[in-house]
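Order of writing sets the labels: A, B, C, D, E and F. Residues in every chain begin at 1.
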Amino acid sequence: MKNHLVESWNEGRSTLNGWIAIPSSATAEVMARAGWDSLTIDMQHGLADYQAALGVLTAISTTPTVPLARVPWLDEGIVMRMLDAGCLGIICPMVNSVDEAARFASACRYAPRGSRSYGPVRAATVYGADYWKQANDQVVSLAMIETAEALDQLDAILGVEELSGVYIGPSDLALSLGVAPRFDPDEPKVVEAITHIIKTATAAGKRVGMHTMTPEYAKRMADLGADLVTVGSDLRMLKATAEATVEQWRGLQ
Amino acid sequence: MKNHLVESWNEGRSTLNGWIAIPSSATAEVMARAGWDSLTIDMQHGLADYQAALGVLTAISTTPTVPLARVPWLDEGIVMRMLDAGCLGIICPMVNSVDEAARFASACRYAPRGSRSYGPVRAATVYGADYWKQANDQVVSLAMIETAEALDQLDAILGVEELSGVYIGPSDLALSLGVAPRFDPDEPKVVEAITHIIKTATAAGKRVGMHTMTPEYAKRMADLGADLVTVGSDLRMLKATAEATVEQWRGLQ
Amino acid sequence: MKNHLVESWNEGRSTLNGWIAIPSSATAEVMARAGWDSLTIDMQHGLADYQAALGVLTAISTTPTVPLARVPWLDEGIVMRMLDAGCLGIICPMVNSVDEAARFASACRYAPRGSRSYGPVRAATVYGADYWKQANDQVVSLAMIETAEALDQLDAILGVEELSGVYIGPSDLALSLGVAPRFDPDEPKVVEAITHIIKTATAAGKRVGMHTMTPEYAKRMADLGADLVTVGSDLRMLKATAEATVEQWRGLQ
Amino acid sequence: MKNHLVESWNEGRSTLNGWIAIPSSATAEVMARAGWDSLTIDMQHGLADYQAALGVLTAISTTPTVPLARVPWLDEGIVMRMLDAGCLGIICPMVNSVDEAARFASACRYAPRGSRSYGPVRAATVYGADYWKQANDQVVSLAMIETAEALDQLDAILGVEELSGVYIGPSDLALSLGVAPRFDPDEPKVVEAITHIIKTATAAGKRVGMHTMTPEYAKRMADLGADLVTVGSDLRMLKATAEATVEQWRGLQ
Amino acid sequence: MKNHLVESWNEGRSTLNGWIAIPSSATAEVMARAGWDSLTIDMQHGLADYQAALGVLTAISTTPTVPLARVPWLDEGIVMRMLDAGCLGIICPMVNSVDEAARFASACRYAPRGSRSYGPVRAATVYGADYWKQANDQVVSLAMIETAEALDQLDAILGVEELSGVYIGPSDLALSLGVAPRFDPDEPKVVEAITHIIKTATAAGKRVGMHTMTPEYAKRMADLGADLVTVGSDLRMLKATAEATVEQWRGLQ
Amino acid sequence: MKNHLVESWNEGRSTLNGWIAIPSSATAEVMARAGWDSLTIDMQHGLADYQAALGVLTAISTTPTVPLARVPWLDEGIVMRMLDAGCLGIICPMVNSVDEAARFASACRYAPRGSRSYGPVRAATVYGADYWKQANDQVVSLAMIETAEALDQLDAILGVEELSGVYIGPSDLALSLGVAPRFDPDEPKVVEAITHIIKTATAAGKRVGMHTMTPEYAKRMADLGADLVTVGSDLRMLKATAEATVEQWRGLQ
């Protein structure tokens, strides 16, 4: 078993991450074949819960795309279930303290490096019987830094040894800084915070993921040092394209 | 109860139809809010069967969009079930003879105009208790003309009184004429056949629907006389946009 | 394996049948515990297809209630699937000729009495390995008589040896006779037709089922000779009670 | 976006709430059309989890009925997911302290008034792109007061500024007071506690919801000052009506 | 796109087919990784319908196993849907005449070799955009010979040019010959019929599939000339192993 | 209502528990009929979440098998939901302290013995209206002892009065003790720990459950004093049997 993301990052290449909000293995299979390096099932603001996510993971496994999940909240139960289901990385929202970061990181590691419970039901089927021996090195844990509080605690959070890195949520970060939430922000206060997180995390030897809406902004973030960049989501792409199609037709009348 | 499509057609306006291949009420709700005049659940080449289609119909009912279905095959059971479920029109594939056209049309009409069985379980909930009195006038039946055989029988098929009109499937039509199947065809043989169907059906006082991939081609068809034009499908839009996004990112590296 | 309906009918007792339109095993379990002699999953005008019906059948099997299904149309595939899934009887809509009746009856019987294909996947699990030996005697097939055409062919239809009996659909029968479709009809033309079917079928040694909306009307039908009477449906009961509750509250303001 | 409940309460009118325990969009659509002011998906003692609830919410959105949810437990993850899914209010069980009330209230408000994470995936689709600007004023948070402990802390709980109000669970309240749990209780100890909560909350400028089984009892509660009254549940209505129907039939034999 | 079954058969190797009766992508993924050459979703006597089968197909596509389906009945709609969904072969039950065989074979071929409708929604995603060009040569159609009537018509059925071959259903064949249905039959009358079908089909240049319960019997059939042999089914394996485990425990008490 | 497990244990008989990882009511029905004393739905390392578990519970209720669940984590919400859904016992993973044990035990008992919230939606349907009166005595709570930390706290944990007993997870226990995780362990360090738990718990008057893979090992554990022994799981049985079948076929070539 190899997590291709880790490999790419080790070679200095930023990876492209797709975002799955649609709770359907049918659309997931189409997404998986589009060529993303990884796909993240968003179980916080997306529309799939565990059972639907399981079907999505099977769909992703029809390709070499790396499966990740953003869990709804810092909850050991769902973190471990998504790992057992075959995710090679977890993004955890709203990690605001070193204690939360440590709890999250621990849930992603088997003893003695953490407290993950043994029983990799789908992971062992997909990655082989020795999955458990390699999981601690291959599974990625990314804590979301998206509040002023988390910004304050950044150094401490980055000091959690078993935490792989951080993931930047620009909307909540903006809201927390008193700026209207939007994607691909240009407000100096927000851009500065994002830049600070990327630089600090990279300096601390941690990985950084960043949420964006366009390949251009993603490139900008990769150039700043982001290891993983997300662009858009399946549901947003569908929505935007459908609306543009209808609008184009109306314009022709 | 009013079928807004019929109203628009009576006023000489072509309507824009969206196409649903994804078996998910979550994506259907996004499609329904994009502004199409109607949405057709494709139960032939799309991915939803009855149970999934039911959820899609509920999603469409959150908006004034008119729900239609393309059934998998000429089968009275599924034609009637989709009408009971609230579809205001049915597109039936591969109608190649006047007998088939008559069987299909009859399945869409209550006695004495047809043989539809009474029991509009969801339709009566959504459209009111007197649904059954208006259904015969509001429900649209469109027979697909998509083979050389059907072209030969076109006049006879158009002579079926209770049939509302025809729907052109350009891919199968092309295949049947010995041309490679593709959308928005420009091959003279296929364009000629399409034009012939639109003109003949219109002259016979029947409605015509046409399957296209772009608003431009749809406009061309509407100008030829098509009453309803379909553009793309949810799954194709998602696929194309996802692939374009990945490609754009790769281009920036 | 015993079909308790057959037993009751043989002892001269009419049985009470519930009607399931809701595609949910959760509501089915509640229905099953309410004490009906049998429950029929309505796959024609109800909202469940095969997969949902399977869950409903499991729910019914938590009690001694006898499971039946009304199939969407005369189609051997679904008739046999519902029997394999454990239904002890099938109601088939719109049987209008002796040929249709014979096809339907044959689909419910193993060779040499019919053409049912062997493979009782759930039925053998639930009723035992020797299910197939008893199925031909325990499974009930009821052909719906609900058109003027079927009325004309009644004697011939009743002559089909392997057909267990008929089931009266008063709404379609009314429509077919030019009367507005409604439940528990009092129009002489419809009542007369119903009475004729019950008397003729009984005289021919066949079983008769009848669709009603109230216990009172059901009793009237049982007194006329109906062996099985259906009262209401789960969805109608929910709808009526919810509406009455809201209305009662509004009245108190 | 407007939460019609808030509007009604501001005008001094008590609202009628329906209760959804059945995990089905099919029954939800019937419930939604029955005329309740709001419908609450019960994810604690009802049978739907997130994925099923999503379908129910879509069904409710076919009407102007206001959607609410009772979450299984005080858990930020599910509170925020249900809001993102379009609920305009959350009922949280077993809130026994001011800390719990504050955590709950905070989860229902965006910064700076709370800690709700941004990403209103379905809410923005349904209520518009500016949903997030209005959500803090339109979303209702009701903490359940259902233990002796909570009664003791009532004043402190009511002092939580961002909490909209309380919801009374009479069964657990009774159990906690040493009385057998039942709906529409008449035991003085329980009635007294209920009255105390309604009066105290109203005096503190908070909203009060109350769980009942009959319109009459609901009226009594509204007269005491309850802003929102729940009557029955879909599953109970189905169960009661089915049992009554069978009993009526048995009585006619 | 290559159908590995065709390749193996051309090289003279019999292939091992697994049988899927469980409507779950979770179990299908486990089955797919067990090493079968192909897996057939049984939509006739198994428990999955179209929507569940779609998830099973995705699960199979995580491996090189070839996906097939047995359809519920000779119905063009479902034959074509399963091909569009990615099945590389269809087994059709109860083919008793040359007309039925021809209808079935035609449904599996695009014009001009047949009447399959164009729209390979999942097949083109999985196998590539030129799927349609290769489908006619790669898709396998196997007609079930399982009645005395079909035995009589065997030569004529084998004469249908576009039919790939036949599949032997020993249980129904036995029933039809007046023998108790069971798997791996030894009754001379049945063995003789099976041998006759294998020899005749092979001589006619057609492929032969055979349903068995044990590897030993399957080997016997392969030695007789069967190209594809099915052994057991997922549900039977689970049932047998569970029963054996319980029995073993009881024996230890 | 009677929990047959409690009855058996009181009579000194160890009970056999089956393990359900497959999220399907179809396979659950087969498991339920295999004769296990109880079946546990594994919601931690298995593949079902609440909604799927609900269908599994209905399937189990077609037999006298006692339904249990292992919840994903110590979370009052899911513990209570599974009890409301009809489970007669809960296994809770990773209970490492007396506080955690007390929280878990309390969630399984109604006041005054605990803090379980009232609303036994399915339990009351299945077990009767007086379920709540008997639940405190019939519902079993088993805390998993599977870490070195829990071993240290064993006496304190066993001192929690309302806790019914403990359940031993040998894989995590091994990992925690620095031994490779596997089933039916023979490493002295692990066997010693298991023996210690069984003896200590039994001496403290608590019940003990143990996870094994074979009837032989289960017997060994029962002889040591285990009240409930689990053998294998549905998914493992399917996987092992499928792999063995393919291997056997390959060996015959």
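The rule we apply is simple: a contact is a pair of C-beta atoms (placed from the backbone, for glycine too) under 8 Å apart; a residue touches a chain by one contact, two chains touch by 3 or more.
As the structure is a computational prediction, the values presented were derived from the model and not from experiment.
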By label, the chains that touch chain C as well as chain F are D, E
Which chains sit in contact with both members of the pair chain A and chain C?
B, D, E, F
Looking at B-C and C-D, which pair shares more C-beta contacts?
C-D
Regarding the chain E and chain F pair, does the interface count as same (over half of residue numbers shared) or different (under half shared)?
same
Rounded Å distance, chain A centre to chain F centre (Cα mean):
34
Using mean CA coordinates as chain centres, what's the gap between chain B and chain D in Å?
42
If a residue has to touch 2 or more other chains to count, which residues of chain E qualify?
23, 26, 30, 47, 49, 51, 54, 75, 78, 122, 125, 235, 239
Complete list of chain pairs which touch one another:
A-B, A-D, A-E, A-F, B-C, B-D, B-E, C-D, C-E, C-F, D-F, E-F
For a test of understanding, state which residues of chain A touch chain E in their complex under the given definition.
25-26, 29-30, 33, 54-55, 58-59, 61-62, 122, 125-126
Under the stated contact criterion, what part of chain C meets chain E in this complex?
49-51, 54, 75-78, 80-81, 84-85, 110-112, 115, 117-122, 125, 132
Which residues of chain B touch chain E in the complex?
21, 23, 44-49, 51-52, 71-73, 75, 78, 93-94, 146-147, 169, 171-172, 175-176, 178, 181, 235, 239
For the chain A and chain B complex, residues of the former touching the latter
16, 18, 22-24, 26-27, 30-31, 34-36, 47, 215-216, 218-219, 231-232, 234-235, 237-243, 245-252
